[in-house]
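Structures are listed in the sections that come next.
Common to both upcoming complexes is subunit A, partnered first by subunit B, then by subunit C.
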Partner chain A sequence: MLDITTLSLTIGPDRQILRDVSLSVAAGEAVGLVGESGSGKSMTLRSILQIEPTGSEVTGSITLDDVDVRALRGEELRRMRANDVSMIAQNPHAVLNPVLPVERYLIEGMHDAQGQPTRTARLRAGELLEQVGIDAVDRVLRSYPHQLSGGMLQRVVIAGAIAGKPRLMLADEPTTALDVTTQAEVMAILDECRHELGMAMLFVTHDLDLAAAVCDRIAVMKDGEIVEIGLPEQLRDNPQHPYTRTLMESRPAGITWTLEGDTTP
Partner chain B sequence: MTFILRRLAALIGVLIASSFLVFAAMYAAPGSPENFLVQGRTVSPDVLAAIRAQYSLDDPFLVRFWNWLINVLQGDFGRSLANQQDVGDLLAGRLPTTLMLVSLAAIIIVVLGVGLGILAGTKGGIVDKVVLLGSNLGFAIPTFFAALILMSIFSVGLGWFPVFGSGDGFFDRIWHLSLPALALALPSSAVVARITRTSIREERDSEHSVMARARGVAEGLVMRRHVIRNSMLPVSTIVGVHIAGLIAGSFVVEYAFTLDGIGTLLVNAVQRKDFAVVQAIAIVLVAAFGVINLLVDLLYASIDPRVKVQQTR
Partner chain C sequence: MKQFAERMGTLGLIACGIILVVVLGALLAPIIAPYDPTIGSVTQRYQGMSAEHWFGTDQAGRDIFSRLVWGARSSLTGPLIVVVITAIFGTTIALTAVWFGGFVDSALSRVLDLLFAFPNLLLAMLAIAVFGPSLTTAALALAVAYIPYSARVVRSMAMRERNLPYIRSPELQGIPGAVITVRHLLPNVAPLIVTGATINFGFAMIELAALSFLGLGVQPPEADWGLMVSNGQQSLLNGYPAESVLAGLSIVITVAAVGYVGERLGGRAAAGRKA
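Presenting the complex of A and B:
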């Protein structure tokens, strides 16, 4: 469904962030993108939505069901962002406008971006919050971002991301900024929503174990290049690239991710 | 509510402290009131003593301060040493001109400064360059010089505006005060335009603006709801400080355009060492500064929900 072909991204005259990245995600498939900070994982995600930093030069192609998403402009680009692909970023406190209440965030996505009537959007906002496991729906809807914890807010972002039933979900370290106790909860909710809606997912993380727990395939990235792609078991048992081996060895012992409903459908 | 009460209490504290400073500074300055009253004539010690008694100048400093403060709180600013007029009446007669001048300048700062800043921040390119150049120019030109230039171009050269006087009636006043207000507002507008532009630039690339775009929100809406709205938070503080500062800065312009405002009254009173008038104007200036800043903080709290929480904790 998503095909990234020889994607390269340069900022300024000599800062090459991505080098010939090629990657594909099938419909309903979850692909992990694993690597250390600065390896270009986030930039790969952002390039798909054309939200890379201004001044970046991008070559190569990205197609979504054979539509060249890098070539989309204006209204077509806006519709693709609103309906087909949604993104969950690392820090939910930065994603929501600090001076607008949570309800406005959800309504903005459904009404202003997707074009649903305001009344429908308002009703759906409550339902979506219930869907991501929030009990005090009315209180959360009225709250401002600074009044909620990171875990609660990330659920709100997930609720916003699934509102339009997109085909592809881009998750950029969705649990990294959260405290350890809520990480597993938020990850489980995200995984559950993905399976319910049958969405494909491109999941960026530096945690190889987490990627192995939620993804069907994993791509290992280093210095802007993909060095190895394989099934989680392959990478675990028989890593080909020395960097993958280092990643496997450097992970902290004793921490394993288990998610309800397991990983593959 | 506690937020407002707390700020009011702080304002009163500032007023009392600054009134003490004003009172003390006047007595620390060279020359004494009785010297001014006898205007250099040699008089007998008896007359001098009588004058000192009449103005209670022999009381201890703190007693005099206390009496003055109590009177001021009752709205009695005392009498002018120069012409025995009631200082309150004197101020009341001058206040409308200064208030109007400052209000006009404030409107110019908001419209010109914020407006051009938003334009430069959102449009970029040649518009941006022109605004930047203009703001450099506006900031570099001192108020009194701007006043002279504006006068020579628009009053003397083109004859569109009057050269001096404050006018009678509402519209005539606006016509008379336009050029002075522009001269007064020019440097502040330049600063405000710059800060608005920078603030817009920062918000444009902020994560919530970028993510709003990534969610498929139209660019115009992202600009209005996320970029411009949020960039107004720091701008509102700067605008408030500059408007409050206008009151103190207005005397230069009032003097240049010979307007009968508080500023010219202050300059004359200082030259004549008219203690009561100078003290009263200083206190009014401090009070106005405090009130404007309080209003700005209230406005800020109403547009940024985070402020209230921090205050009530």
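Presenting the complex of A and C:
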């Protein structure tokens, strides 16, 4: 469904951020992009939505169901962002306008972006919050972002992201800013929503174990290149690239991710 | 109210009081002013201060106090027209430039640069030469001259906000640019627009007074502070300084008061942003 072919990104004359990145994500598939800071994993994600830094030069192609998303402009680009691809960023507090209640954020996404009537959007907002495991729906809807915890707010962002039933979800370290227990909960919710809606996901993280727990395939990135792509088990049991081996060895021993809402020692 | 008082400080409250007095004077001129500001009697000319004529009379025998009170009207409405038009157009241009960026931004910025190149008064005089002298012409012309100032300030702040996540992320949600600009960007630059308007108000008042002084703004026999300063020149030479001095003082005090309140509001806006 999503095909990234020989994507390269350069900023200025000599800073090459991405080098011939090729990657595909099938419908309903979850692919992890793992690598250290500066390896270009976020930049790959941003190129899909055309939000790479100004002044960067991008070559290669990105297609979504055979539509060249890099060529979209204006209204077409807006529609793609509204209906086909949603993104979850690292810090939910930065995403929501601090002076508007949460409800407005959700309604705005559904009404102004996707064109649903306001009344429908209002009803849907509550349903969506229930879907992401929020009990006190009415209270949360009326709350302002600063009144909610990071984990709670990230659920709201996920609710907003699945509102339009997009085909592809881009998750850029969605749990990095959260504490460990909340991380597991939010991850579980994200995974559940993804399966329910049959969305594909491109999941950026530096945490190989986390990626292994939720992704069907994992791509390891280093210095702007994909050094290895494989099934999680393959990477774990038989890493081919020396860098993957280093990553496997450097993770904390004995911790494995499960998605039942906790980490088991 | 208490917060407002704290933020204004003693001097700020005095300034607010002055503005209030001037505004009330302008609104209630027909009630307050004891005489018709445009009709005088030659037998009454050049009178000193007295119970009948508090500030005396001018060369045409018109009551100076009445003229000051009536003069507040044109002296306030002129700058008001200027700042309202300036704020609306300046903000619209700035936000359009910021939202689209790139070519649109460059093009609009060059047009503003071009406007900058003209001295305000010269631009106003040009317009007056074409359309004939009147307060409306003078105010509209000054408004055009002020638009680049307002647009530049709003643009620079909006540019900073443009790249913050709360503006970027609705864009990624696919929310139309116009909606984001009006609902998210505009409220966050609004304090700056208000502050800018109060500061422009002072400048506009002085420059409109200058135009009236030159005979290009408010036309005699209407009462206007700038016009009164100019009118009083003759009396000044004859040893009756009251008209010019009082009208001049009215301008200076009002401009200072508005400027001070504007500055306080600006400080408030800046403090509000930090919090």
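The definition used in the following text is that the second predicted complex is superposed on the first by the 259 of 265 C-alpha atoms of A that agree within 3 Å, B and C clash if a C-alpha of one lies under 4 Å from a C-alpha of the other, contacts with A are read in each partner's own complex, and residues count from 1 in each chain.
The rule we apply is simple: contacts are C-beta pairs under 8 Å (C-beta built on N, C-alpha and C of every residue); 3 or more make two chains touch, one makes a residue touch a chain.
Keep in mind that this is a model prediction, so the values were computed, not measured.
Because the two structures share subunit A, they can be overlaid on it, and in that overlay subunit B clashes with subunit C. In the superposition on chain A, A:His146 makes contact with subunit B only, while subunit C stays out of contact range. Of the two partner chains placed by the overlay, neither subunit B nor subunit C lies in contact with A:Thr182.
Legend: residue contacts after superposition of the two complexes on their common chain; A:Pro98 is shown touching both subunit B and subunit C.
When the two structures are aligned on the shared chain, A:Gln234 is found in touch with neither subunit B nor subunit C. With chain A as the common frame, the single stretch of subunit C that clashes into subunit B is 8-16; none of the other options in 8-16, 44-52 or 134-142 do. Where the contact sets of subunit A with subunit B and with subunit C meet, they give residues 49, 51, 78-83, 86-87, 89, 91, 94-99, 108-109, 112-114, 160. Contact residues on subunit B toward subunit A in their complex (touch as defined above): 205-208, 210-218, 221, 225-226, 229-230, 233, 303-306, 309.
The residues of subunit A lying in touch with subunit C in their complex are 49, 51, 78-83, 86-87, 89, 91, 94-99, 108-109, 112-114, 160, 164. Against subunit B, in their complex, subunit A makes its touches with residues 49, 51, 53-54, 78-83, 86-87, 89, 91, 94-101, 108-109, 112-114, 144, 146-147, 160.
The residues of subunit C lying in touch with subunit A in their complex are 164-166, 168-176, 179, 183-184, 187.
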